[in-house]
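Across the two complexes that follow, chain A remains constant while its partner is chain B and subsequently chain C.
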Partner chain A sequence: MSDATSNTATANKVRRVDGPAVEVAGLRKVFRVSGGAGGRRHRDFVAVEGASFSLEQGHSLGIVGESGSGKTTIARMLVGIEKASGGTMNVAGRDRSAAAKSTSERRRRGSEMQIVFQDPYTSLDPRQSINGCINEVLKLHLTMTEPERRQRIIELLDQVGLTERQGLVLPKNLSGGQRQRVAIARALAAEPAVLVLDEAVSALDVSIQAQIINLLNDIRERTNMAYIFISHNLAVVRQVTDQTLVLKKGVVVEQGDTEKILDAPEDDYTKLLLASVPEPGWKPRRVNVD
Partner chain B sequence: MTHLLEIDHLSVDLVTHRRYHKVLQDVSVTVEKAEVVSLVGESGSGKSMTARSVLNLLPAQGKMSGNIAFDGQSLMDSTSKDWQKFRATKAAMIFQDPRASINPVHRIGDFLTEALVHNRDMDRHEALERAATLLEQVGIDDARRRLRQYPHELSGGMLQRVMIASVLLIEPQLILADEPTTALDVTTQADVIAILDDLRAQREMAMLFITHDLELAAAFSDRIAVMYAGYIVEVSTPAQLHTRPLHPYTAALLRSRPMLHERTARLPQISGRPLSAFEAPPGCPFQDRCPYVQAQCGESLPQPQLIGGSIVRCHRASELELVSTAGAEGGQSHE
Partner chain C sequence: MSVLSNLTAREDHHLLRRIHNRIGTGGMVAGGFMVFLIVAATLAPLISPTSPNAIDLLNVSTGSTWTHPLGTDNLGRDTLSRLLWGARPSLLGPTLVISVATIIAVPLAALAGWSGGVVDQIVSRFLDLVFAFPGILLAILAVTLYGPGLYPCSMALALSYMPWIARVTRSEILRERNKPYIKALEVQGLSGFAICVRHLIPNVSATIWSQVTISFGYALIDLAALSFLGLNILPPGADWGVMTNNENAILQGDLNQVLYPCLLIILCVTSVTYVGKRLSDENTRLLK
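Moving on, here comes the complex of A and B:
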């Protein structure tokens, strides 16, 4: 594997990994939901059924599907917010199939994989300045002196297109697009091997969405970071990923190269998803999805 | 000829933090009988406020100037009772989030028949019959059982169909739809839009459709009005808009969309962020983000002009040759 290029002024750091950045096999999640009004009877709801994929450093995997398809559940299991019911997960060469047993293990997992959420309005602490929020991550995951951290914050802000001045303000003083840049800068601060983006551009206006998509593509090119890009928007998945996995009700119906899946889909559900996207010449049709 | 809806030089100011802020500036647009007009724009552009103004649903202390006329009659001097009657019979709104706009403690049947029983003095049983028929038309099976259910027992897509049925039930001449499918999955969106457009067309109802999605608007609108910072910057047909946009903002918006069928090495982005009306500089509201900006753009507000059947607000519209796709030109990405 070639070294991450560092031809820009800011050093772009990423954890180096031998082998695949992410390897998932037979991943499964079962939620227990109350069955009736009495609350005594329970039934099992299978949110994810046997998902397997492998993602190399520097590549980007799209996970697409509609609401209830299990795409966010996969992300939540990977970062450890949700416990897997079965299967194995390996990130940056280390197993994380079971919950972390110690604080240091949890912290190590955090430095291997970071996540950016959909809503930039609720994913930042409203009382913490932008610098403070990034500083906290640097303190937690890296050993740096105070001046080093200050320098690194400026680099990170610059990398996502924010100015030093904007680092001093509170999230409320920034627009939605700028907040999402902060969330990305915060995730990059931990120098993870893998970045999980859960509908990270879905809530943004079209003109801002284009800026963030370009930013994400730039960062991946410069740092060789791996992305897991969760989205319902196939056009965005086309721009940001090279592999795609299509989920329907927790089951993987198709996976492979993004281009192949979007240009020549084999599964009927993938075809339906593609046919439902409004584009020039598109006419809304009554469909019956079950 | 009288228009079904005529919005004429409408400006709206709203109070935030005890100060008046402009949200709409000199908005003029018409909707004809059975016509679909879409208002397209980014957040803060004023598209929702335009629709809300038509129904007088502005927040308290909102100030409106200009004129709104329905079927040739000005609505500006209406009393609150007139407005109520207008909303109950002539024009009705479909909101983005059905869960926030349908009372959760009332059964679906009560929600659907309320307007008919109260405003039309219809017999309750007859109203329920009608509601059941319409639920089936909007694609809900087992309608009679649904009428007895509560909103929480229905999915978002189902509930939005209920919302559409409730609007169709009062047989308005004009439907205002504010991002009605934004919260839905794509396959559900296709279905709901198809149903809405079919049933509306059969009944010859007009629609003012609000969306941020240009492609969706293009799929079934007769005309599209593009809004930016409280102004309408361009009004055109979908075909015209996509082949020959006249306003630099429209063109930039079209180019910055990620394409489903091809990967763009770098999306042409619009620098900066969308502005609200009160933040707009004097002169053209788009000048700070416009690649074609000249001195005159900062000096005077461009007035609407008619070019090849489209209306556009840009000083340079007649000289610029804009394109709508990223591949069609080279160095158009402006940082």
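Moving on, here comes the complex of A and C:
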């Protein structure tokens, strides 16, 4: 695995930016849900409340928390799938607090930040070959000739440990782990400054998980790309990230160096999260988060 | 790698066998029948024994003979020739209906499903409005305005079939739109138009195809009914619908002349629907 990736002659390119890769201040998301108290038709559900963090180029930030704590909502707001209700977001030195107005603006944002989703089975177009999928991204973001693109596709596939022949097939002919590699290659094809990994290894079995984690660490070392790594798996977060942010019901309860947070947590919620990891002699008990 | 070699092994360059793999023996028979009909309709001027309108009052309502394999009608016109010539408007009509309906329906469905919100509301209410008019009634209106004929009837039916195709396609697009691969393309910054044309619509094509083939069958029946009523193809023109309206058959019980066009209508509708169903099933299965 590491052989396949370290053999790559051309290092992956990444957009250079001055200052922090990601800067988020007071980020807030309120969903309007039906069925409010006192006979009202709607009530507001606060998914994220005042999250602030900054991430330097080449570093990796983990976002942890239980299901429904707002991890994915932050990721979706950052890449623009979800509209933020408040706060500011700055990626690669450019503001993206408001929704993109034009297609060219969306494309520019796409070249700054990319995302890899959790489910590898639905994140690729079932009708598009792997080569076609990556080719489309290259065409969109970069000015390259046809042979250059073909060369780059082979490079990208090689980088994520896939062969040239696997590029010819449809997603259904690949396993979940292989599909997730394709999703990563597709994200890397845009040469973003920041890569968001939204539970990107959670759906994979443990050995494949380890391969993908090695791959991600490898890519970050060589390219200085910044990661936002969302996971509920604390062991994985320790391996991939150097800073961590702990979310509880949309509120950041603790943030700082990953080592410090995972080894010596200060907040009760973080302690609870850590205590919830099964290990030898672990006795599960009903716990109340509040 | 075994997956790859399987894939290569399965790739078959024999066209007929490839079609057989997709639609099965039943589909081959049904599809073959449709191809046969289309070829026969196209070659009608060359292969029909006599002119479809040649009246021969000495040979009225004969049964099958050597000169008239399927007999003659109440004016002595050769039934086989009339069926062959009649296949042209009978197949062209439904083709027109579904083509026009699909060309309007799919972009509307994509617009509504992709944009959502107010645009979706407006398009959906517009579709509801068009739904309110029965096809035959719209056709009668069109005939009152433009006179009887294949085009007014087909266009009116196309309009009334459009919302059926559009509504189903829209709901399928809504479902597909929220899948991560579409979200990933949005994050890449691909334009909404490109996502719809290159990814969204092709991925709901199985649904569109099944709607189109079902509509083809219904349109064929509706157009035949309109011909029967004297609103579509007018006698002496030949059309399967016109041929079912045979005074002799109705008044004197000479059912032969009505049987053939009816049989063709039934076989045609069944074949198209069956092939369409098999194709859309296969389409879904192949990508899973």
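Methods note: the second predicted complex is superposed on the first by the 276 of 290 C-alpha atoms of A that agree within 3 Å, B and C clash if a C-alpha of one lies under 4 Å from a C-alpha of the other, contacts with A are read in each partner's own complex, and residues count from 1 in each chain.
Methods note: contacts are C-beta pairs under 8 Å (C-beta built on N, C-alpha and C of every residue); 3 or more make two chains touch, one makes a residue touch a chain.
No experiment lies behind these values; they were computed from the predicted model shown.
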item: First, second, both or neither for A:147, with chain B first and chain C second; value: neither
item: Contacts of A:111 with chain B and chain C, given as first, second, both or neither; value: second
item: Chain B and chain C footprints on chain A, overlapping residues; value: none
item: Residue numbers on chain A that touch chain B, as the complex places them; value: 66-67, 175-178, 205-211, 213-214, 217, 232-236, 238-239, 259, 262-263, 272-280, 282-289
item: Chain B to chain A touching residues, read off their complex; value: 42-43, 139, 156, 185-191, 193-195, 197-198, 212-216, 218-220, 242, 252-253, 256-264, 266-270, 273-274
item: Chain A contact footprint on chain C (complex, rising order); value: 3-4, 7, 179-181, 183-192, 198-199, 202-203, 287-288
item: Chain C contact footprint on chain A (complex, rising order); value: 79-81, 103, 106-111, 113-115, 117-119, 122-128, 136-137, 140-141, 165-166, 169-170, 172-174, 183, 186, 190
